[in-house]
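Letters A, B, C and D mark the chains as written, and numbering starts fresh at 1 in each.
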Amino acid sequence: MPGYNHLFIPGPTNMPERIRRACDRGLQDMRAPDFPEFVRPLLRDLKRIFKTETGEVFVFNGSGTGGWEAAIANTLSPGDKVLTSVFGQFSMLWVDMCQRFGLDVQQIDCTWGEGVPVEQYAEILKADTRHEIKAVLVCHNETATGVTSDVAGVRKALDDAGHPALLMVDGVSSIASIDFQMDAWGVDVAVTGSQKGLMMPTGLAVVAVSQRALEMRHTAQLPRTYFAFEDQMRFNAQGFFPYTPATTLLYGLREAVDMLLEEGLENVVARHHRVAEGVRRAVHAWGLELCARRPELYSDTVSAILVPEHIDSAEIVRHAYQRYNLSIGGGLTKVKGRLFRIGHLGDMNELMLLTAISGAEMAMRDCGIMVEPGSGVAAAQEYYRGVEIGQTDRAAAE
Amino acid sequence: MPGYNHLFIPGPTNMPERIRRACDRGLQDMRAPDFPEFVRPLLRDLKRIFKTETGEVFVFNGSGTGGWEAAIANTLSPGDKVLTSVFGQFSMLWVDMCQRFGLDVQQIDCTWGEGVPVEQYAEILKADTRHEIKAVLVCHNETATGVTSDVAGVRKALDDAGHPALLMVDGVSSIASIDFQMDAWGVDVAVTGSQKGLMMPTGLAVVAVSQRALEMRHTAQLPRTYFAFEDQMRFNAQGFFPYTPATTLLYGLREAVDMLLEEGLENVVARHHRVAEGVRRAVHAWGLELCARRPELYSDTVSAILVPEHIDSAEIVRHAYQRYNLSIGGGLTKVKGRLFRIGHLGDMNELMLLTAISGAEMAMRDCGIMVEPGSGVAAAQEYYRGVEIGQTDRAAAE
Amino acid sequence: MPGYNHLFIPGPTNMPERIRRACDRGLQDMRAPDFPEFVRPLLRDLKRIFKTETGEVFVFNGSGTGGWEAAIANTLSPGDKVLTSVFGQFSMLWVDMCQRFGLDVQQIDCTWGEGVPVEQYAEILKADTRHEIKAVLVCHNETATGVTSDVAGVRKALDDAGHPALLMVDGVSSIASIDFQMDAWGVDVAVTGSQKGLMMPTGLAVVAVSQRALEMRHTAQLPRTYFAFEDQMRFNAQGFFPYTPATTLLYGLREAVDMLLEEGLENVVARHHRVAEGVRRAVHAWGLELCARRPELYSDTVSAILVPEHIDSAEIVRHAYQRYNLSIGGGLTKVKGRLFRIGHLGDMNELMLLTAISGAEMAMRDCGIMVEPGSGVAAAQEYYRGVEIGQTDRAAAE
Amino acid sequence: MPGYNHLFIPGPTNMPERIRRACDRGLQDMRAPDFPEFVRPLLRDLKRIFKTETGEVFVFNGSGTGGWEAAIANTLSPGDKVLTSVFGQFSMLWVDMCQRFGLDVQQIDCTWGEGVPVEQYAEILKADTRHEIKAVLVCHNETATGVTSDVAGVRKALDDAGHPALLMVDGVSSIASIDFQMDAWGVDVAVTGSQKGLMMPTGLAVVAVSQRALEMRHTAQLPRTYFAFEDQMRFNAQGFFPYTPATTLLYGLREAVDMLLEEGLENVVARHHRVAEGVRRAVHAWGLELCARRPELYSDTVSAILVPEHIDSAEIVRHAYQRYNLSIGGGLTKVKGRLFRIGHLGDMNELMLLTAISGAEMAMRDCGIMVEPGSGVAAAQEYYRGVEIGQTDRAAAE
């Protein structure tokens, strides 16, 4: 199909040329004497992306799912109790993994469109005076519903209860895009993948681990080799990896980290809010609703837009792809057919989002949702024109 | 600046990944025994792009300007009379070159916004019974004003006058985008560059030459070496080049030719018309005018949009680039400050143009042209939604 | 350092331009309607690389180590007995993984330089009349010592004993380089990585599984999610993956498979033998010995060359890298300092190996092994000159 | 053919990854407001490559041949007398161009294998008291014969004669590889192409011009547009180009300049001498002779090696390519069949040259020149081992 594909799924995201070029290189000896000169600064600077000074960051050839596995296999034992909540596809899948690994999952089922039920967590933790709960799992940004949860709130619930459980966070679609503060929030394990806010090809799982969580490796009984922190630590200390690392992707990661730090994480976060808010203005102008229930849940990396009852959102997604070369996301499992998703994370600018909004308008109209042509675009345009770049206050353009 | 640059100048154009990948290769021996197996089919298939069976195609490391030089230096002698017309920056520059080469230029000055004055050409040619005019120069698509001229009409004028002058065409921003028929129109030299309809990096001049024009090399007295057809012919016949060719670009050219032939030239032309018409609908919805004076002059590769008297279009272009990472073209020399240009040639699809239209709307409003937000987008959207892909009738969506 | 790095480690290998280009692309929607049109033929054609018609092939974002984990986690339960042997770093590491996963490992320790002890396996299997051994593990090509083992022999041992144990093969440094026949040899799980014979960047684990082994997933009790066959099967059947696949690498894999099938697997195997034999001639000319004990154990993908007692081979490897930009492999654990390794797998031709031999000669002399200058090169040259390309008979050039 | 091609022609040369990556980018607006921020420092730093502070450097989409045309068309008029000498293919072709441009060429024919006849130049210049000679042409490094001439000697001849003729130098295969000092040697026009010492793809002509030569544009009567200095100067002053520049190549040029300056031009020159000397040691060991007549003429960028009378060198070149994937150069015109050439310029290290020597040995033996196997390799190895990197004294390893 002529012209380029317009990629607005919530990951993989649009890869900047700098990262693409960085990945495009010949292979090399991962045991070369000077390889550590590349590895060590990379692992060090990755900590800044997670905002941790005391934690360690590990990079696996893998994906976010592999990162989840690393998080639990290195810290827990069969039968350990974990507290979690389900409000979308990805929070659900992590629970499924916990069950497969023989953990005792205490799961709170929420409406899809809600976030982590912080108050319920608080009650449960307070009630767990024997500290049977070993870990609390939080999906920071539920990619399936466009909901961002309150990680700091969960930390507060743990602290208020004086509860020692580990705090594990799925930050796959939040880290490097939405404000995330590992140390400040007392996060013990944070997981992301390369193809989201890091703007890279899929293929790396990046996991940050607190010292407290690292200590758990001595007692955790779940089997692990590929995703073992222990092996990574031993080799990383020398600037190497326990098995062959994906060097072409590591160079992309180096460039991604450089780009994020050059722009400044605060600016990255502000930019994500800005482009996202434009999409929300468009949704409002269309007379449609987000899946996320309340403004404080709105995700700055993906907007899940509910369609009218009689419409199958999968049809819109398929049509957008085939007719306009526009890739947007559909609804998964529980919300299948009910919503479509516009990803707005990674290397995005305003005009890119106007493309997505334009295409969504055409696809919706073609599929029977008679939004006013250009209405969403106009609303987003006026917002984008008004807001100052660098401005972080949500109220700014309002 | 985060996010990608939105490139809507009338060349260089958006390079498809296939072409980009094709260019990305190591260097090679341009005298290798198997190099001709690559060169010969390439030169052969290029003829199909020009729609010539009897002509020859030459590829120079160069640009469109170099192609112009090749056209005149290989066919004309100092003092030779050439008939030409000026109605924009590029038709003007070709005249300047002719004068530098000591040709006797008969130049018709037209309003910028008009095309080749076919009737005046017809009269002059009819009057030139001694056939002093050796060549007639036509700028097929004036990139500066968005005007497409009637090459077939000029051929008819020559034929009606029984005039033997060579017909030379600047097809830099038309060939491979707008209908061009070298043999059917009796074109003697046709010039293009790699960075326009061929969707490639800048760096190649591609020139098609009729047998009649080739014969002129025996008598043409203008000096030439670098751009000499004679040398190219001698080496091309063996599958080589007279000096080191830009092999990385030649591989891009191979891919470009393949892509164009796969899509089908008729479909390419129809697609250019389709995306262009959307832009024109937007311009109409904005209440603005094109520089091109009449619908039959409207270019399907670039639209030059006049701004209100009190506005400096250069400001819009600069602002669009700096604020929205949108590259559009400005007005050149005579129309400096008076218009901005949206290029819509090469590897374009509808949604890409909606991006350009969106960005132009914001930039215009920021600079004081108070078009209705989303109005151009809406008009283009509705046109794009209505027209069938592959449909070539202008009336289709109306 | 000026000039390119000369990469002769036994993986990652030299990436052909075609594969590099194939990987160099923008990201895309892994749930797009047409993605299965890419995935299905790829999975189908991968079977040909493993020479299996009845098995299934799975592709994970990972590495060979991850492939090992997939092999055991999907087929075995804690406490299951596995028969294995250790004769080098990689056979040793797989045993370590088995132990971490709580398997009951019956391990035969062999001299490093020997291969799988087929006769001992035969005896043990014959004696195991209660079929307590659930799986037999074979390291087809021990990368650390340059030894290729007799997989067909192990199959015969199993058959002769009428033993139902699964036959699992680490083919990381053999598959796509050395003759490997999954169906003919009755292999149940075969594991490789992308950065060896597949000539790709590191980042993919590729695992082929027999129907019999697949059935084990219903009873196998080891926990698994990331590497679960079950999930892959369910999604692959639709042409998708259970989590985000590394699409840029998958396109490289497509190209790798195409290249291998174009050359023809028989020719690939013959070529590997040919380039390897040249290296062995050089070693002989130097008056040195291979770590591999007997010609029938000689690996066609890597040669491990023993250095004289008083020399530290690590010094040679380091010096070669720093002085000549030559990457060769060193000795690992038990053979640390005792040998250096020249990898000759993947996209190799004769002249490339002469480079490695030349560089090794200089590095050895610089480090005190006074081989005759040019002696290894001369021996390899004369072999390469004499042997016919395509000739597979070892005796050919002798 | 499996494995990579071994490229040892005297240009195009082996492109370093850094340059290749730099070229691999999307297209961009060459009139963007920030484009000058890229162009100006590039043009400034190019001066350092030519070692000129007072001259100007121009970059054309073109090739070395185009650079020659620029040199004469901007400075001379029809009928102007130029002094030149012919001792190889490229010195010959430049004379041919001069003749086509109507210059009055005083040509000294030398034996191929000799360089510029400085003494004859001196006599002629001294005798030309009326200063009819307007320019003296020097081919600094004759690529066809591997001869480097004495440019400084020619400057001295001009100075001794008090002669005002312009000194024009073809530095295509010398600049950025062999010592070249524009200001110190009083060179007026120096020409190179991108695909030689600049290690880039073919496609750019780079021309440095003294202020004195620039002034000639006011009186020079040869026609020019594409290669006009005047237009370049006017646009370059603003940070732009008179027509669309080959931006992808310009980014490669930026990287090339950075690489050369990082290594240091003195080190680049010393490295070229070092790798070249190894080749000469091999030639000596083979019992063969260079085409270059005396050591002081030996080129550090290409060695032209004479073959025995009864051998056709073209056969060796063809065979090396087809059998060993080795690209070396053949003999051109007068020396056709008499020599083969090993290019050793650009991004070269010692081990790369050993590859070329190895391959040449095999190809020669296959074609009937019975050099001792490994003899050239051994001689070069021992030289390379002995010489210190950074050492520039020819005597060093002797």
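Everything below uses one rule, namely that contacts are C-beta pairs under 8 Å (C-beta built on N, C-alpha and C of every residue); 3 or more make two chains touch, one makes a residue touch a chain.
Computed from a prediction, not measured in an experiment: that's the story for all the values here.
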Which pair wins on C-beta contacts, B-D or B-C? B-D
From the C-alpha centres, identify the chain that is farthest from chain D. A
Indicate the whole-number Å distance between the mean C-alpha point of chain B and the mean C-alpha point of chain C. 53
Measuring centre to centre with CA averages, how many angstrom lie between chain B and chain D? 35
Listing for chain B: what residues touch at least two other chains? 4, 14, 17, 24, 26
Given the complex with chain C, which residues does chain D contribute to the contact? 1-4, 6, 14, 16-17, 24, 263, 268, 271, 324-326, 347-352, 354-355, 358-359, 361-362, 365-366, 372-379, 381-382, 384-385
Contacts from chain C onto chain B in the complex sit at residues 17, 21-22, 24-26
Residue set of chain A touching chain C in the complex reads 4-5, 7, 9, 11-15, 20, 23-24, 26-33, 61-66, 68-69, 96-97, 100-102, 193, 195, 201-203, 222-228, 242-249, 318, 321-322, 327, 329-330
